[in-house]
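One structure follows; several queries about it will come next.
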Amino acid sequence: MSLKLGVIGTGAIGQDHARRCSQTLLNSQVVALIDINPASATNVARQLGLQAEIHADGHALIAAADVDAVLVTCWGPSHEEFVLAAIAAGKPVFCEKPLAVTAEGCRRIVEAEIAHGKRLVQVGFMRPYDQGYRALKAVIDSGRIGEPLMLHCAHRNPTVGSNYSTDMAITDTLIHELDVLRWLIGDDYRSVQVIFPRRTSRASEQLRDPQIVLLETVKGVRIDVEIFVNCQYGYDIQCEVVGETGIARLPEPSQVQLRSQASLSTQILTDWKDRFIGAYDVELQAFIDGVRTGKVGGPSAWDGYAAAVAADACIAAQRSGAIEVLDLPPRPAFYD
Amino acid sequence: MSLKLGVIGTGAIGQDHARRCSQTLLNSQVVALIDINPASATNVARQLGLQAEIHADGHALIAAADVDAVLVTCWGPSHEEFVLAAIAAGKPVFCEKPLAVTAEGCRRIVEAEIAHGKRLVQVGFMRPYDQGYRALKAVIDSGRIGEPLMLHCAHRNPTVGSNYSTDMAITDTLIHELDVLRWLIGDDYRSVQVIFPRRTSRASEQLRDPQIVLLETVKGVRIDVEIFVNCQYGYDIQCEVVGETGIARLPEPSQVQLRSQASLSTQILTDWKDRFIGAYDVELQAFIDGVRTGKVGGPSAWDGYAAAVAADACIAAQRSGAIEVLDLPPRPAFYD
Amino acid sequence: MSLKLGVIGTGAIGQDHARRCSQTLLNSQVVALIDINPASATNVARQLGLQAEIHADGHALIAAADVDAVLVTCWGPSHEEFVLAAIAAGKPVFCEKPLAVTAEGCRRIVEAEIAHGKRLVQVGFMRPYDQGYRALKAVIDSGRIGEPLMLHCAHRNPTVGSNYSTDMAITDTLIHELDVLRWLIGDDYRSVQVIFPRRTSRASEQLRDPQIVLLETVKGVRIDVEIFVNCQYGYDIQCEVVGETGIARLPEPSQVQLRSQASLSTQILTDWKDRFIGAYDVELQAFIDGVRTGKVGGPSAWDGYAAAVAADACIAAQRSGAIEVLDLPPRPAFYD
Amino acid sequence: MSLKLGVIGTGAIGQDHARRCSQTLLNSQVVALIDINPASATNVARQLGLQAEIHADGHALIAAADVDAVLVTCWGPSHEEFVLAAIAAGKPVFCEKPLAVTAEGCRRIVEAEIAHGKRLVQVGFMRPYDQGYRALKAVIDSGRIGEPLMLHCAHRNPTVGSNYSTDMAITDTLIHELDVLRWLIGDDYRSVQVIFPRRTSRASEQLRDPQIVLLETVKGVRIDVEIFVNCQYGYDIQCEVVGETGIARLPEPSQVQLRSQASLSTQILTDWKDRFIGAYDVELQAFIDGVRTGKVGGPSAWDGYAAAVAADACIAAQRSGAIEVLDLPPRPAFYD
């Protein structure tokens, strides 16, 4: 029996997930859609050939009897509302990042889920499903490099639009590292500092680019993440874990090696969508399988909350120039 | 509507394909099984939880009304019989390599398929579905290295069993290159020579290992393939295409980079099953999609025949030590 | 006519330079030696087969009529005294690092040299003579990566002795980066911060290892240097320059690529002496050639002073945990 | 006491060696020159600032009392005459390749040297002095890849002049591999076959380019060498040794790694002179040191003879299309 999904929000990511769930993944179908712009939902249904009801609002969709689980892919400020509604209805919900636009909002979701008594929420952080990060985690967990002491990371985009602002480097860009690095080394952030290198002349005027975020974990691991969103040359994600006895580095995407024009080269991707495209499939398949087997897993509401708390501290650190301490309570046993 | 498949032969590869078609791929189900050992078919059905009929013989399975298409995964000598039967029944058929154990057998399949008037057969060569080979072909086809002039290839296994004989280096090992290289450069083989380097002391006594196969194509491209099935260090597939203006090389599998114990390293696979595992899924999904859309594609009966003719010439060249010319007729327009 | 050198101090580095100047390099000979332990000087002369006078003290050696130029390779606290004496005698002097044990001492040398009116001093920083760093600088200077914005560096040793202390990470280890990075990007340091990651269990008790030093330059370039002197796996020097349009990385030492035991690997050096061995020859040959042509070049007394000021600030930053601002006056025109 | 050298032939390579021996290397000076064009010798002496006598002919130079050793760098057809004269005079002689233009000529030199009773001749094959080949040989000799079974090599130039002919691929290009590979694996050639791939459209009309030379050694090792002298993209020397348990590959020249313009790249050299420039210094220094210590080493007259015999067989194989057997007598004990 395939899982019947309702999709709230049919913008770019919503469409893409609807396509995935109806055409690429196993054991799921999209039976309900809704968008703030009803024509969008209708179009998506037609383009994908879906037998799906177009609901009047998200709450009606959540309540619909034939909807087994919900994908929340509308704009961020409405995530909290619909995730809470899904929890109230006892329906599993996959929510695109951010889980909520404030840490407090995430916290309310955590509390609602705990009150419900069973995990229902998976947050749309896809990197833990990327083959490369999984291989890196396997090496760390194998003990082959000893205990992690430092991580050197970079998140680089060729360019960003002119509306991209300094704090979006945290909320839209670093947010992926804030999630995946906690998972990678099984640790939490204790403090953060942001430093601003010389500005690139390629950034728009209001933007500090690049930035370096320095995180300290509870175990004392030090993480530096270079964020450089106008690096020109490519979309490039780097992660190097320095352990007590060795260093492990995230694989480069597999590419043809060329000898040409006095150069020995491999291609670097330029579109972020190509980099983690496989991970999106794995992530949503995991949600579908989790719901069907009664065990929702992956990035939890707590993980979404922890990322939000960290992001808040990063933004505070951008503004203060000082070391900001994170105020993350102990993880409830519910999420162990 | 999912495609209803019947599987003839539930040995290792048959089981694996049955699992794939029932659990991993989209739009297919396994509704019929048969094995020369009936208990095997029953076990597979039970282990995979299939609602599948266990037929008395392959012909009954092919004839069954609810079987839309057939997978031939029994032992090689029976492939021809069942493929011909499927063609006679007008049912699409995916046949594991070899298409038939003789070139003549392959030829009979080609003729039957042409007589039928429409492609029904896909041969189980998976490398054209491998991401790396596809990326390599894309580079060649882009013109970035100019016209191909030479290919340097290697097919290495860590070890082989003691029953592996010198001609199996052609029929079981090289056969993959014989198929994929024709596809890669869009060319056919004209002649072949085999040379025997110094024997490794790690091979069993009856085996000449390594071997080097020198192929010449119709366009004059020269291909050397090192076959080394007791290389000890790993399962390693290499392919380098030397063009008029540059060289393109098959990607290494993506791996974590390690700095450890005075060595900068990436892992080399040791099990062939890990190397092309993704390609098996893509290959069978392509068959399923092809049948469902009425356009069977991928490696054709003609490709199976061409590989068989090439393999025969290679074996003759192993024995004669001379340059053997291939006797491959022009490709029928049917296969254009 | 070969240059006649006097060597003050015949410990490990003094012996090595004496061998270099008498046996490996062009146009130089060692005609005078002195060591605080006279037997050491005598032994070195005998082992190298030198026709060299063993002087009673460094000042006598400097004054000797047949000594054209001086190598100061004794222990650090005496460097300043002999360098000043050489300047007073108007003799060119190559001084191993540190130029003096205090920044003030370096400053006195700078002033003495300026008063003398012509460059006489070359400081023994060898990395600017390393082929890899020179290639890296050539790429930066070519404009191929645009203006430098960030540098990510690492200085790793497999192990250090139990007497290695936390501040030696600056004075003995980082000192090389402090010199070479200024030269590499043609910039000066403005401030520094030191952070201490989780300690490795492999370090002796009194040592904070690893450390991360965060430097800011006058142009705003941000430099992070990981210092990890018990990294176990090798002697590994990394330097990556992130520019506005691309990234350039210090070459790895050239090594045989091995496929063996399920690993694709190249060797990492474990002994620092192997890493820059070629650079020592180039550095001293440059001094010899400089003296002979009347143009002493390379790392200057000012560079030695700048490195000392930076090192002082780094040590202050180790202790304070705060951002320490460097107090480096503008470079005198004499050193342009 | 520095070695006094006479140089016969002051064309490109003669000038370069004269510069090397007078300005770069230790313990040598150039005291005598001669060229078929006397003005050339005079010019070279002036440009290099040499105190050198310009002789009337090579025999006079060899006979000159102040000439300790001779460099033969004139055109190939005169090599034999002057090498034999040097042997007759009992003077050590460094002879640029070819030792003689025929195998018989080489043989006469071998016999003269044996008759003289002591090694006097070093042939100008520089690759055994290249750091990369030496590292590769060290790995082979260490046993880390087991006994060599196959070598896969390539010798690629971006372009060649229009006077470059098919047999020059052997005499001018492959000749380096013919020498260095024997040395690398300590083996001799038994037979050779040449195959001609599809011609590149970038070659001039009279030239077969690329070519593949297949060598078999006495121990049964199989060597394939791709010669491609209009490969466009760079000067690229590849050598991969496949042993019983692993594979070792000649290091790529050390280069800065660039991330730029959607490409992760290192530079490939385009000028052959840059590739082995260091090896020329080491080679001639070895000759100078060998003469001064009374032990001339390096590539011997026998090695020059063996390379000539191999080259003759390769040219015969180019013409016959058949496998040509080499007729190399056993190595005289004199050369052990």
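For this structure, a couple of remarks:
Per-chain residue numbering starts at 1, and chain names A, B, C and D are given in the order in which the chains are listed.
The rule we apply is simple: a contact is a pair of C-beta atoms (placed from the backbone, for glycine too) under 8 Å apart; a residue touches a chain by one contact, two chains touch by 3 or more.
Predicted model, so just to flag it, every value in this text is computed and none were measured.
Of the two chain pairs examined here, B-D and A-B, the one linked by more C-beta pairs in contact is B-D. Set against the C-alpha centre of subunit D, every other chain centre is closer than that of A. Separation between the centroids of subunit B and subunit C, computed from CA atoms only, is 59 Å.
Here the spacing of subunit B and subunit D, counted between their Cα centres, is 45 Å.
Subunit A and subunit B have CA centres that are 39 Å apart.
Chain contacts: subunit C has residues 233, 245-247, 252, 259-261, 266 touching two or more partner chains. Here subunit C touches subunit A in the complex through residues 146-150, 152, 195-202, 210, 212, 214, 216, 219-222, 224, 226, 228, 231-233, 242, 244-247, going by the rule given at the top. Within the complex formed with subunit A, the subunit D residues making contact are 233-234, 236, 252, 259-270. By the touch criterion stated above, subunit B contacts subunit A in their complex at residues 23-24, 26, 131-132, 135-136, 138-139, 144-145, 245-261, 266.
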